[in-house]
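Going by the order they are written in, the chains are A, B, C and D; count residues from 1 in each one.
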Amino acid sequence: MTPASSPAGPDHSRQELMVIEAARDLRDGDIVFVGTGLPMLATTLAQRTHAPNVVMVIESGVIAPQVRPTPISVSDPKVMHRAVKLGTLREVLGCLLQRGMIDVGFLGGAQIDRFANINSTVVGRGSTQRRLPGSGGANDMASHCRRLLIITHHERRRFPERCDYVTSPGFLDGPGGRERAGLSPDFAVTVVTDLAVLENDPQTCALRIAALMPGVTVEEVLAATGFRPEVAPEVRTVAPPTPDQLRLLRDELDPERVYLKAEESATTSRR
Amino acid sequence: MMSETRQRTRDKVLTAAEAVARYVRPGAVLGMGGQNIGRCPMALTHEIIRQRIGRLTVVGCNLSIGMDQLVAAGLVRRTESGSGNLERFGVTFCWRRAIENGSLEVEDYSHLAMVSRFLAGEMGAPFMPTRSLLGSDLLPATGEAGKAVVIEDPWNPGQRVALVPALQPEVSIVHVQRADPSGNIIIEGFATHEPEMIRASHHVIISCEELVSTEEIRAHPERTTIPFLYVDAVVVQPYGAYPTSTYGHYDYDAAHVAAYQEAAREGSPAVDEYLRRYVWGCATFDEYLALAAGSERLIALRRAMEEML
Amino acid sequence: MMSETRQRTRDKVLTAAEAVARYVRPGAVLGMGGQNIGRCPMALTHEIIRQRIGRLTVVGCNLSIGMDQLVAAGLVRRTESGSGNLERFGVTFCWRRAIENGSLEVEDYSHLAMVSRFLAGEMGAPFMPTRSLLGSDLLPATGEAGKAVVIEDPWNPGQRVALVPALQPEVSIVHVQRADPSGNIIIEGFATHEPEMIRASHHVIISCEELVSTEEIRAHPERTTIPFLYVDAVVVQPYGAYPTSTYGHYDYDAAHVAAYQEAAREGSPAVDEYLRRYVWGCATFDEYLALAAGSERLIALRRAMEEML
Amino acid sequence: MTPASSPAGPDHSRQELMVIEAARDLRDGDIVFVGTGLPMLATTLAQRTHAPNVVMVIESGVIAPQVRPTPISVSDPKVMHRAVKLGTLREVLGCLLQRGMIDVGFLGGAQIDRFANINSTVVGRGSTQRRLPGSGGANDMASHCRRLLIITHHERRRFPERCDYVTSPGFLDGPGGRERAGLSPDFAVTVVTDLAVLENDPQTCALRIAALMPGVTVEEVLAATGFRPEVAPEVRTVAPPTPDQLRLLRDELDPERVYLKAEESATTSRR
């Protein structure tokens, strides 16, 4: 069942491959709602490779910028460089996102559960409770985007059976959950981790293993996942980076290694 | 009614101390401009801390370093927002600690839900419909009208829609690039939730990088973001958003943001010491700028912005 | 869904004939830009008449000379608006006659109610609350969801508020000062209901006085009124609002507006003759401009605007 | 009961005095929502005389312009001259008017009834029905302004007992009518005609005769009014114009006699 896999060589890190794999998921012409961090690296990488017409939209009111390396905030002047419009949060979250004009949104979160619900508000209960930044635009993205892309480190505690708090709706309680809540059912989720790519099963809505990072086994993924994901009928292995992808990422998109040095914490890659 | 007493004079230029004393009262609902590390109204925030005006309810979309310092100073009773963080620089640590230890009430919305509340407020509408929140734990479980209610869309029976209540802050503080003495203001670059929040507020204090003449405003009426009718006080304060950035003027100061965050993460006594040194220890914001940055650093931040554009 | 097929190419420049043929279909809900004698999309209106695209539902806030000519040409089945008139030049006479003789359905709102409907449309919200309409005959007597419904404000029991339904025109036509080939547009001066209507629409055809480069747009991103994402076609047509005015470019032509109004007031056959001569008789809008005004008159209108500013 | 009155001399027309009397009703600092025609003449006259800080707001999105003579439309470039902001209809009708920030609105209409309800939509019934321009911003002004000012020609058919169609709410069916409908009760109406000034009785809400134009009797007003208005306890006579007011009006505000030549029809002075 486990496909042939090549071990990750010393020529790239798993983190780099996560960004590259997420970039591959963007189609030319997609209108992408993105924050900073690894999602922005993935989006700019897509623009510089197979998807030059990807349009970036950033919550603070920035539309179609030509981002300069390497912004660390949605209000960083680097994300505003040569935008076609600098507007308002309402124009972006209301008139584009809720209006139904965004194809893909990038999200992060401290917890992602079986049905792709996301928690960025509070983890734990009672005295061990840890407060997180809250929704920001995340709930809005999950409510109104047609596709969600999540880049995250693969750890058991990040993938519980059920989130402690649902900040952003995935498929809620499963098939029909979104319609019952009043949300559009035209929705799909892809989670790219350092171990695998998870996607929602179109029938059950649950996240399942769709691809493995080179050298990773299904068993390793299951061991690092708090719920037990199904395995897609044809699990592929994530293709290795091309030299061009690596060069762009390292030399042009994050030359100072602001994000590529180490995996980000959930709070900073989240928007 | 608050709105009846809006300032109608044509010269609204005040010092930060005068403006804050006049328009921010203890217990007020305070609207915060800016986002993350961009255009946070730091000069006006410091002045509120200096005057120790407490029991505030702080509202906004993303609440950031300004709100966190107000919390650190013990002046905040409650926040209503979409998030509290400084992204790459981490969360708003004092806010987080205050929530975790139960000393701060917090009402969580999404950013769109907060903008929708300000939109209702500026339109004089009692609420705004949204399809955000639905299905999530941001939506209260009970049907009682508080944080939000869910109704059926009258035009599409069976379709649910959330209503969020209008929010009209008693006073908002916003730092902008340019304003004239009567309060016409020009926001350059991104404007986040500020236009809606400003128009929704009963009183507005603006700090600005540059004071321009009303002549200049009238020469380009399509560039005015907000007309003077909504503004009560104009405070001229170059670098008034430092250590956050002001688009077109200067970049953020990563080192000083990080220094605050280190103190904030540590909590007492580090963060008290920060406030003593940089806020209570400074009679004016200019003193703070000299102490925290110095003119060379400030000029370098200006150059960094110029190079970027 | 309509919005799925929005034009995503970067060069959207088309002739008026191409743009109208591609995006305006018989029976469409057509959003009209402009107001009274200001920035009415006359070149695009003439093209719809030339192509005789009928059974239209015409929507806007103030509907003016463009709508009246569409009615005169027999192409309109229904209007939804806040008013039909040209102020000093009188009402929209063909519209009035068609209502009075029962050949035109009309749904009356206030201007704020119409803007609220476009606001709901652009926000992706199903409806918008307003306290306009209440108590008046603009509010339907029955509680059925159609033109408007009244509900109780959940936060203020006993307080009534009207809800008006979202309006998303299938296609809108708007004349602006500047646009780039990809559809970024700059509206100078007053903007009426156009920003909300444009963003609410499934398709948008823009005619513009000047085509500018995308470089120029990116150099001043805060001046862009509407980003290219909403626009399907850009038609370059100087004097495209004639005989109405375009702020910053040319004044209205009172004589020609009055000439149309005289024909419109008279009705058939005077108004048919007007359309035959000035619309069907002209292969292009430039031909119409030469016939109706001539270059001297057009230059004089430009000078009149310059003097005024 | 009828106060002493001086006949209108040849030095000014009744139309001019209507405009001047309406101007007197504006207080310095008032934020005034105004269309073109006689209301705009009255507002600019007030600005040039006793109320220099009157702020004009015009529906098309114009805020605080320095109007050039003589605009004939709210979209006329002459109303936009040196405004502090040229914005949108939403900003003006929503964020100022419905937001409760407008002190005074000027309205016109084909019919004004006893309770100051206004009709600008349709007059007559059945085959004699005459269609008018509709509400425009009129319903919004009547719903949200604190004071309404109406300048109109005094004719029986213009002052019916009850409007054929209520486009813009006055006091609706009388005391408590506005609250029952959901509107603010903080509301007052003044009607300036070529014969008299009518104001709502604070108790009954009905329009009553508050002042008479020079030389006009109560009987003349009653004869020209379709309903029977009460007469206020102290009816004053409208003061004659000052030379300065007349000069400003004739030489500076409407030098081409666009509006002052003849009384306007209801449809054109209406907004």
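Throughout what follows, a residue touches a chain if its C-beta (ideal position, glycine included) is under 8 Å from a C-beta of that chain, and two chains touch if they have at least 3 such contacts.
If you're wondering where the values come from, they're calculated on a predicted model, not measured in any experiment.
Under the contact definition stated at the top, the chains bordering both subunit C and subunit D are B.
Here the CA centre of subunit A is 59 Å from the CA centre of subunit D.
Separating the centre of subunit A from that of subunit B, both taken as means of CA atoms, is a distance of 29 Å.
Rounded to a whole number, the gap between the C-alpha centres of subunit B and subunit D is 41 angstrom.
Residue positions of subunit A touching 2 or more other chains, listed in rising order: 80, 86-87, 90, 94, 98, 144. Annotation for subunit C: residues touching 2 or more other chains are 116, 123-125, 130-131, 159, 161, 188-189, 221-222. Taken together, the touching pairs give a contact graph of some other shape, not a line, ring, star or complete one. Contact annotation for chain pairs lists A-B, A-C, B-C, B-D, C-D, with touch applied as defined.
Those residues of subunit C lying in contact with subunit D across their complex are 34-39, 61-62, 81-92, 95-96, 99-100, 108-113, 115-116, 119, 130-138, 150, 159-162, 188-196, 244-245, 247, 251-252, 254, 305, 308-309. Against subunit C, in their complex, subunit B makes its touches with residues 116, 120, 123-131, 145, 149, 151, 153-156, 159, 161, 163, 165, 187-189, 221-223. On subunit D, the positions that touch subunit B within their shared complex are 29, 31, 53, 55, 63-64, 66, 80, 82-87, 90-91, 94-101, 144.
Within the complex formed with subunit C, the residues of subunit D that make contact are 35-37, 59-62, 68, 72-78, 80-81, 86-90, 93-94, 97-98, 121, 129-140, 142-144, 165-169, 172, 177-178, 180-183, 258, 267-268.
Subunit B makes touch with subunit D in their complex at residues 3, 6, 8, 10, 122-125, 182, 184, 199, 214, 217-219, 221-222, 224, 226-229.
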